[in-house]
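First chain A sits with chain B, and in the next complex the same chain sits with chain C.
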Partner chain A sequence: MPGSLIKISEATGTGSAAELKVTGIDSTYEVYYATMLILPSTDDKDVGLRVTKSGTAQTDSKYNSSDVGLREGASFQDNETQDQATMYLFSALGTTGAEMMMAQVYLFNFADSSEYSYITYRTCALQKTPELLGYTGSLFHEVASASDGISLALESADNFSTSSKIVLYGLAK
Partner chain B sequence: MATLEELTVETTAEIEARKPLKANVNGVDRDFTDEEYAQVITDVANSKYEKQEYGYKSSRSGAYGSIGDQLDMQYHDLVDDTTTWKDHVAKVKSDNPKP
Partner chain C sequence: MAGNLILIETRTPSAVANIDFTSLEESTYDVHLLTWVLSNGTDGAVMAMRFFESTVIETAGVYHHTFHSHTEADGWEEQVSTSRTHINMGKSIGSATDEIGQGYVWIYNAGNSSEYTTANHQSAAIHTDHGLSMSYGGGILKQASTVDGIRIYDTNAGGNSTGTVSLYGLGEN
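Now for the complex of A and B:
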């Protein structure tokens, strides 16, 4: 159906999973889209994202990003990283429902074997302080080969709470 | 301050105590592979090291407050001959010291 979000897969926190992974990206759609609701099991945890190739999270130091952190009670932050082994979507996430990280990401060029994998993202949450904090930015994985999904992990290999979920969609034209 | 090697030893013990770790892949839980255990130990140890060495930067960034609030402090310091802003910055730095 034209102009639709086509659900591809989803991963959910079961209380015992330290990694959430959704795969299934191929050349069916030009652009893929994912929504995320993320809540750690213990307080003050960063959320890391990696792309997957053939289902395996890529741990090479090839992640580059730039974003703006929009804070409720402080100045905006300009952030940039180069050649990182993971890409952090959020920092110091708390454990209450109000502190859940909500995110939407668009995934570009993932199925293209001769291009880097690009992601644009928007996240927001109440940080542990608590303070409303949102990030808007982009990243790319600097390896020219096809990617088939994304993987999330929490600082300290913390388990995702049962409220956590990633849903992957294809954007049908 | 712990070295990266010391943090790796500490992290290995922590992960061993938590086994089995699981990944939820497309809705199905499965145990970590040996490669994933090795990687998570590397990731967690590196994260601890980064926070130990550079965590003060993000802590300070949030504690300084907005530029507007800081400019207001500076204005009142000029008008009232006080040192509120300088004291504020010094406190943020001392509360979040470099390692």
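Now for the complex of A and C:
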């Protein structure tokens, strides 16, 4: 029996590019899903997420999010932001292989031109300290038009290492 | 064949109170995934789930749940209950233009008559204040039984749901 989790595209870090992007989202599927393995080239870098429209990351201040940070070395954090130009999935990533960020995200309503684009996300990593952190949250991009992918960028335009990878799937409907 | 996610059924309700899945193929799948994208005709919809046991829906206060949510208007909220009549799968959703809810739920042990059926969820929506409404949590039907159906409904405003809900089974071979 054919499966219903359909691979759409993937992107792998090159060590010399500051953007990691997957596209290919259209109305074929109602819900999309992506996995991420992210390792920067330089220590202590935040990783930000944006949606893409016609393949271009949207840099407008239209990102709104809420998440909970589960911390090994401190109290749990409740975080919320509005009207941001990017949505940070993780802060202070390190550069050793063991400090790689892992994430799974569900993407909703991306192809609907009359709705906002929504994402639920779960991330975890040993950040540079190192300290184990995990974030569970949701966000939306407050522009009612179709989005076709997601784009990641590291703080200070750092390059994604060759260990970095995003894989995008569609869930058959 | 490797493990696989298999679409069981997609429902596309239009202004209905209850969205029922009555064929879970629970003897085949130990784990189910449900994705939902729903708008509601009534403001303040709170989407929830109930289970059918041997075709009879369980409406008594026998569900346990833990729930953590955030809205811009209400801030962070924690819910814990051992006598719930349902399992929440989202926070309140507005009914104005661009106000829509979506999320996913993983369901475990539905077909195992000697175990409890459990679920965990994550959601993103637009609240009645037009800000982000996010939630995550878990729930249990705390009585050992075979669950062979799932009802999705609006537990707050009575239901008037339109959208797409898909049910998948996680194949093991």
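Please note the rule applied: the second predicted complex is superposed on the first by the 169 of 173 C-alpha atoms of A that agree within 3 Å, B and C clash if a C-alpha of one lies under 4 Å from a C-alpha of the other, contacts with A are read in each partner's own complex, and residues count from 1 in each chain.
Criterion: a residue touches a chain if its C-beta (ideal position, glycine included) is under 8 Å from a C-beta of that chain, and two chains touch if they have at least 3 such contacts.
These numbers come from a predicted model, not from an experiment.
S.K.: Put chain B and chain C onto chain A via the superposition and say whether they clash or fit.
M.R.: Aligned on chain A, chain B and chain C fit with no clash.
S.K.: Report, please, how wide the angle is at the C-alpha centre of chain A between chain B and chain C, in steps of 10 degrees.
M.R.: Result: 120 degrees, to the nearest ten.
S.K.: Between chain B (first) and chain C (second), which does A:38 come into contact with in this model arrangement: first, second, both, or neither?
M.R.: neither
S.K.: After the superposition on A, what does A:51 contact: first (chain B), second (chain C), both or neither?
M.R.: Neither partner.
S.K.: After the superposition on A, what does A:105 contact: first (chain B), second (chain C), both or neither?
M.R.: neither
S.K.: With the two structures laid over each other on chain A, which partner does A:30 touch: chain B (first), chain C (second), both, or neither?
M.R.: Touch partner of A:30: chain C, not chain B.
S.K.: Touching A:146, do we find chain B (first), chain C (second), both, or neither?
M.R.: neither
S.K.: According to the stated criteria, A:86 is in contact with first (chain B), second (chain C), both, or neither; which is it?
M.R.: first
S.K.: Quick one: classify A:126 as touching chain B (first), chain C (second), both or neither.
M.R.: Neither partner.
S.K.: What is the minimum C-alpha distance, in Å, between chain B and chain C after the two complexes are superposed on chain A?
M.R.: Chain B and chain C, overlaid via chain A, are at closest 18 Å apart by C-alpha.
S.K.: If you look only at chain B, which of its residues touch chain A in the complex?
M.R.: My answer: residues 15, 18, 21-27, 29, 32, 36, 39-40, 42-44, 46-47, 58, 61-62, 64-67.
S.K.: Which positions of chain A touch chain B when the two form their complex?
M.R.: Residue positions touching the partner: 9-14, 16-24, 46, 48, 55, 57, 59, 71, 73-75, 77, 85-86, 91, 129, 131, 153, 155-157, 160.
S.K.: Taking the complex as given, what residues does chain A use to touch chain C?
M.R.: 1, 3-5, 30-31, 64-68, 78, 80, 82, 106, 108-109, 114-116, 118-120, 122, 136-140, 144, 171-173
S.K.: Can you list the residues on chain C that touch chain A in the complex?
M.R.: Those residues of chain C that touch chain A are 4-7, 10, 35, 37, 68, 70, 72, 76, 98, 100, 102-104, 122-126, 131-132, 134-136, 164, 166, 168, 171.
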